[in-house]
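What follows is a pair of complexes built around chain A, which joins chain B in one and chain C in the other.
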Partner chain A sequence: MPLIETSDGPDWRRRTTKQEFMIWFGWLIGTAIVVYAFHLISEKTIWFFVQDAGTQAMDIGTRMVPPKISYMDKLWLPVWDTLNIATLGTVIALIIAVPVAFAAARNTTPHPIIRATALLVIVSSRSVNSLIWALMLVFIFGPGVLAGTIAIGLRSIGFCAKLLYEAIEEIDHTQVEAIEATGASRAQQILFGIVPQVLPTFAGVGVFRWDINIRESTILGLVGAGGIGLQLNGSINTLAWTQVSMILLVIFVTVLISEWVSAKVRHAII
Partner chain B sequence: MLRLEGLRKQYRTGDLALKGVDLEVPDSQVMALIGPSGAGKSTLIRCVNRLVEPTDGKVYLGDLELTSLSRFALRKARRRMGMIFQEYALVERLTVMENVLSGRLGYVGFWRSWFRKFPKEDVREAYRLLDRVGLMDMADKRADELSGGQRQRVGICRALIQNPELLLVDEPTASLDPKTSRQIMRLINELCAERGLAAIINIHDVMLAQMFSQRIVGLELGAIVYDGPPDQLTPEVLTRIYGEEDWEATIGKDEDAEDEDETVPVAAQVLTGEAAS
Partner chain C sequence: MTEQVNPVYPTTWKRPPLISSATLRWSIILGAAIYLALALGTMDVKWSRVAEGLPRGQRFLDAFFPPNFADNRGVVWDGIQESIWMAVIATVAGIMMSIPIGLGAARNLAPKWVYLSCRAIVAGSRTFPEVILAIFAVKLFGFGPFAGFIALSIGTIGFFAKLLAEDIENMSAAQAEAVKATGANWFQWVNYAIQPQVMPRMIGLSVYRLDINFRESAVVGIVGGGGIGATLNTAFDRYEFDTAAAILLIIIGIVLVLEYASGYLRKWVQ
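For the complex of A and B:
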């Protein structure tokens, strides 16, 4: 009863007393959980190690400067590989994601069973991290760029297909209706009524995923799936901190450039 | 031309939108369908080209019965019926030309439409139509760059390039200003006369319906409650269609009221001009 009759006229409140109490109770439970969880974590932490965390970080930090510029000679090829893994992986993902998305969207799917299958593909692709895909694919294809590319591709199918099929489901249906009313076939309705409406999303998703994939492909080398991660792993294992900082710097610049490119492309499309 | 027999539509929600409508539209007659929101006007014209599947009843286009047609035969039948929509329903991100040519999709195969390889006659006809409605220069613009009135003209071209025998027109002026509304209605009327088309025009505006149609059908709660010439719309008839209201001003005299509406912006401009100086 947000409307309350008082002696000097009606009063209005946002919530009823019962709702106020429920919200207060919700906060109480939430706070209790946080306090309890903090207690658990604190018990399992060896605080002795944490005490000198600052000094340790400082130590590594000082060992990292200056970055070893000359190491760059050995980094050009891995960086190129990393970019290729990301780009090719994204292209592969998009090629597969488009039909999957149309099969998964409620308004374009040919049959509920096909829709369920498409959704299954999307979920299974999304539930496995690209590093884990890479780990498995290195066993299948052997170490190298191919395993990395396919790992990135498999991981991206779900992401791209999900965003695409949601866009397909949210289109303006009257535009499709208008095409349907001309006597166009189902395929033509998709071509003229739906594709133009989802094209900007398609491009946006593709560029966005490419941007993410550049970051993801920098770590694939950790499991031997090609790219700059291999050098990173090697440098950390040999405690070559100036090389590590050089690699981090290169990754940073690469990601910066990819963000700039994707922002430009997205702006141009939309 | 078009004959409806006992057309009934019940939506899955249980709403009975059409309660067995019988209606005949002869060749080259422009008929206005008026009625309150929810009376079933949109459902009626959508049942004709089966964008909405009728629950029961028959629809004859000439001698062809439409409700029993297979998907393929229905596609062929749809080519004979052009449709014009309330919010234009143009494909916003396609060009004006592509939108007009999309009216030919029923005649063109998939790969030709993929590569936009429409037959030369179609392209010529598209230009002729655009020229007829005064949008020759707009052919390569994207549909979302046009104003409301221009978009509706493109919608009209898209319907006409089908070379239809019947136009199904759903609230063509609902999102347009009074002046543009009249221009669009006049254009539809002229084009129907030029080509001898029959038309069913759903319209809210009783005044426009009277001005631009040869026959008025009033629909209320899914049933026809008036069918007659425009000049016999009396307050009693309008009360039967829409319910109790003061209808005297709506009939005939409304013209002056509309004109006053149009002069308002001019007055406002003068006022702001003075304020600025």
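For the complex of A and C:
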């Protein structure tokens, strides 16, 4: 913190003039970027529709109440499908993520090239959204739950494997060394020295991802990959707004419950 | 002298299980088995369709290679620019909106009714995936990046306000008290006691959120929200899979760069 000597004695400042100038310049650049971005977006916007949005919102809002409770009869199966997509997808992801994570962790990887490949798998799985995976898988498996499940699975591999391999890298090495000292083979070292240390993380990551997957699987139906999104899309396209609000309500409750369950389970494990 | 007792030491060792209570462990295993049977039983997969789809999937994958970066270069470049700018302003706008909401959602700052209403906003925007928000934004604001911008901003609020509120709740109360003791008013209190404590983490989180927003901008386009997602969807609809492959690779590349940059920046800030 600089002291600037003035005629009235030392003057305390938080930053030097140079630092203040740098910060000011940073803000200038940031503001310029935002203004430029907004300009580009606004060029592609039909402002009439935006001005109209308030009335539209009121209109849709009034048509959405009251939610059509009787529609619930037709929603039980899609909700069950959505749960299955999320759960089975998470299971698939975990099964594949374990070997990938061990290949990607610096201390367990058999070879640097295998490590690079595993990291590539993790990155590509993480960067492609589950909706895009679903879009592609619907082409292959046809519309339905299977495409959605595999999409969720593929998308979750990266997430689970990343958190898992970070956990593997952060284990306590003394335990592995102790087991090595008993003459254990490499596989036994992993099984008895590393696995027990990462097992709680593994369970926690699985439940955490399951919670995220419930949320993601509600939208897969938009591209035909099963679950409640199918009903949502249909209801929006037929302008059946009371059904839409019912579906949104169901999604809201499902997500709240899954969040609660996941928090409870993680709390119990960790 | 008492007689010598030879205690019987166990000669075998079993690994302790993750869940120590046997009843709980077995009921979880049993429950999982029943669930799996039910889920797989109701999954309704048309295996004939899958068998038919696999060779088609092969052709589909073949069509992806080699990725075609050349033919639709202009459109793809436009889409990417749109996505990036959309992500940037959605992040900025979302964060600006989530600061008051985050302050309101912190239990140690806000009175109960403010706390509850802000928490309700956070829960609402967190529950619905960006794609569902985007569907409604498209309905209200018309097709194009403006709708995507709104959807991503609302998604940002749910993420950022929640983490901001949690960070404020976990801050050190001593500093807050010290500033309050100097007779600071509420705004000075927030600015000098709370803001410096949460700022480093918030900068990291905003870069992380920019990363998420870019990824999500690739999917809001599928429902009409503009950006690279719209381009990707068009490529799929026109069966230009080589262009789609190029777009996917570009998305993966940008996400990689962003992730690396955000990791670096977060380390630098802390």
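Operating definition for what follows: the second predicted complex is superposed on the first by the 244 of 270 C-alpha atoms of A that agree within 3 Å, B and C clash if a C-alpha of one lies under 4 Å from a C-alpha of the other, contacts with A are read in each partner's own complex, and residues count from 1 in each chain.
Note that in this section contacts are C-beta pairs under 8 Å (C-beta built on N, C-alpha and C of every residue); 3 or more make two chains touch, one makes a residue touch a chain.
Just so you know, these numbers come straight off a predicted model, no measurement behind them.
Undergrad: Does the chain A-based superposition show chain B and chain C clashing or fitting?
TA: By the criteria stated at the top, chain C and chain B clash after superposition.
Undergrad: In the three-chain superposition, say which chain, chain B or chain C, touches more residues of chain A.
TA: If we count touched residues of chain A for both partners, the winner is C.
Undergrad: Considering only the touch criterion stated at the top, classify A:37 as touching first (chain B), second (chain C), both, or neither.
TA: Once the two structures are laid over each other on A, A:37 reaches chain C alone.
Undergrad: Mind working out whether A:62 is in touch with chain B, chain C, both or neither, as first, second, both or neither?
TA: After superposition on chain A, A:62 lies in contact with neither partner.
Undergrad: Given the touch rule stated above, what does A:180 touch, chain B (first), chain C (second), both, or neither?
TA: first
Undergrad: Tell me which partner A:128 touches in the superposition: chain B (first), chain C (second), both or neither.
TA: second
Undergrad: Is A:188 touching anything from chain B or chain C once the two structures are fitted on A? First, second, both or neither.
TA: After superposition on chain A, A:188 lies in contact with chain B alone.
Undergrad: Give one of first, second, both or neither to describe whether A:197 is in contact with chain B, with chain C, with both, or with none.
TA: First partner only, chain B.
Undergrad: Pick out the shared contact residues on chain A: the ones touching chain B in one complex and chain C in the other.
TA: Touching chain B and chain C on chain A: residues 192, 196, 199-200.
Undergrad: Note which residues of chain C are touching chain A in the complex, please.
TA: Residues 15, 18, 35, 39-40, 42-46, 49-50, 52-54, 56-57, 60, 81-82, 85-86, 88-89, 92, 123-124, 127-129, 131-132, 135-136, 139-142, 144-146, 149, 215-216, 218-219, 222-223, 226, 232-233, 236, 248, 251-252, 255-256, 259 of chain C touch chain A in their complex.
Undergrad: Where on chain B does chain A make contact in their complex?
TA: Against chain A, chain B makes touches at 49, 51, 75-79, 81-83, 85, 87, 89-94, 98, 102-107, 110, 113-114, 155, 158, 162, 168.
Undergrad: Taking the complex as given, what residues does chain A use to touch chain C?
TA: 33-34, 36-38, 40-42, 44-46, 49-50, 53, 56-57, 60, 80-81, 83-84, 87-88, 123-124, 126-129, 131-132, 135-136, 139-142, 144-146, 149, 192, 196, 199-200, 203, 215-216, 218-219, 222-223, 232, 236, 248, 251-252, 255-256
Undergrad: Which stretch or stretches of chain A touch chain B in the complex?
TA: 172, 174-175, 177-185, 187-188, 191-193, 196-197, 199-200
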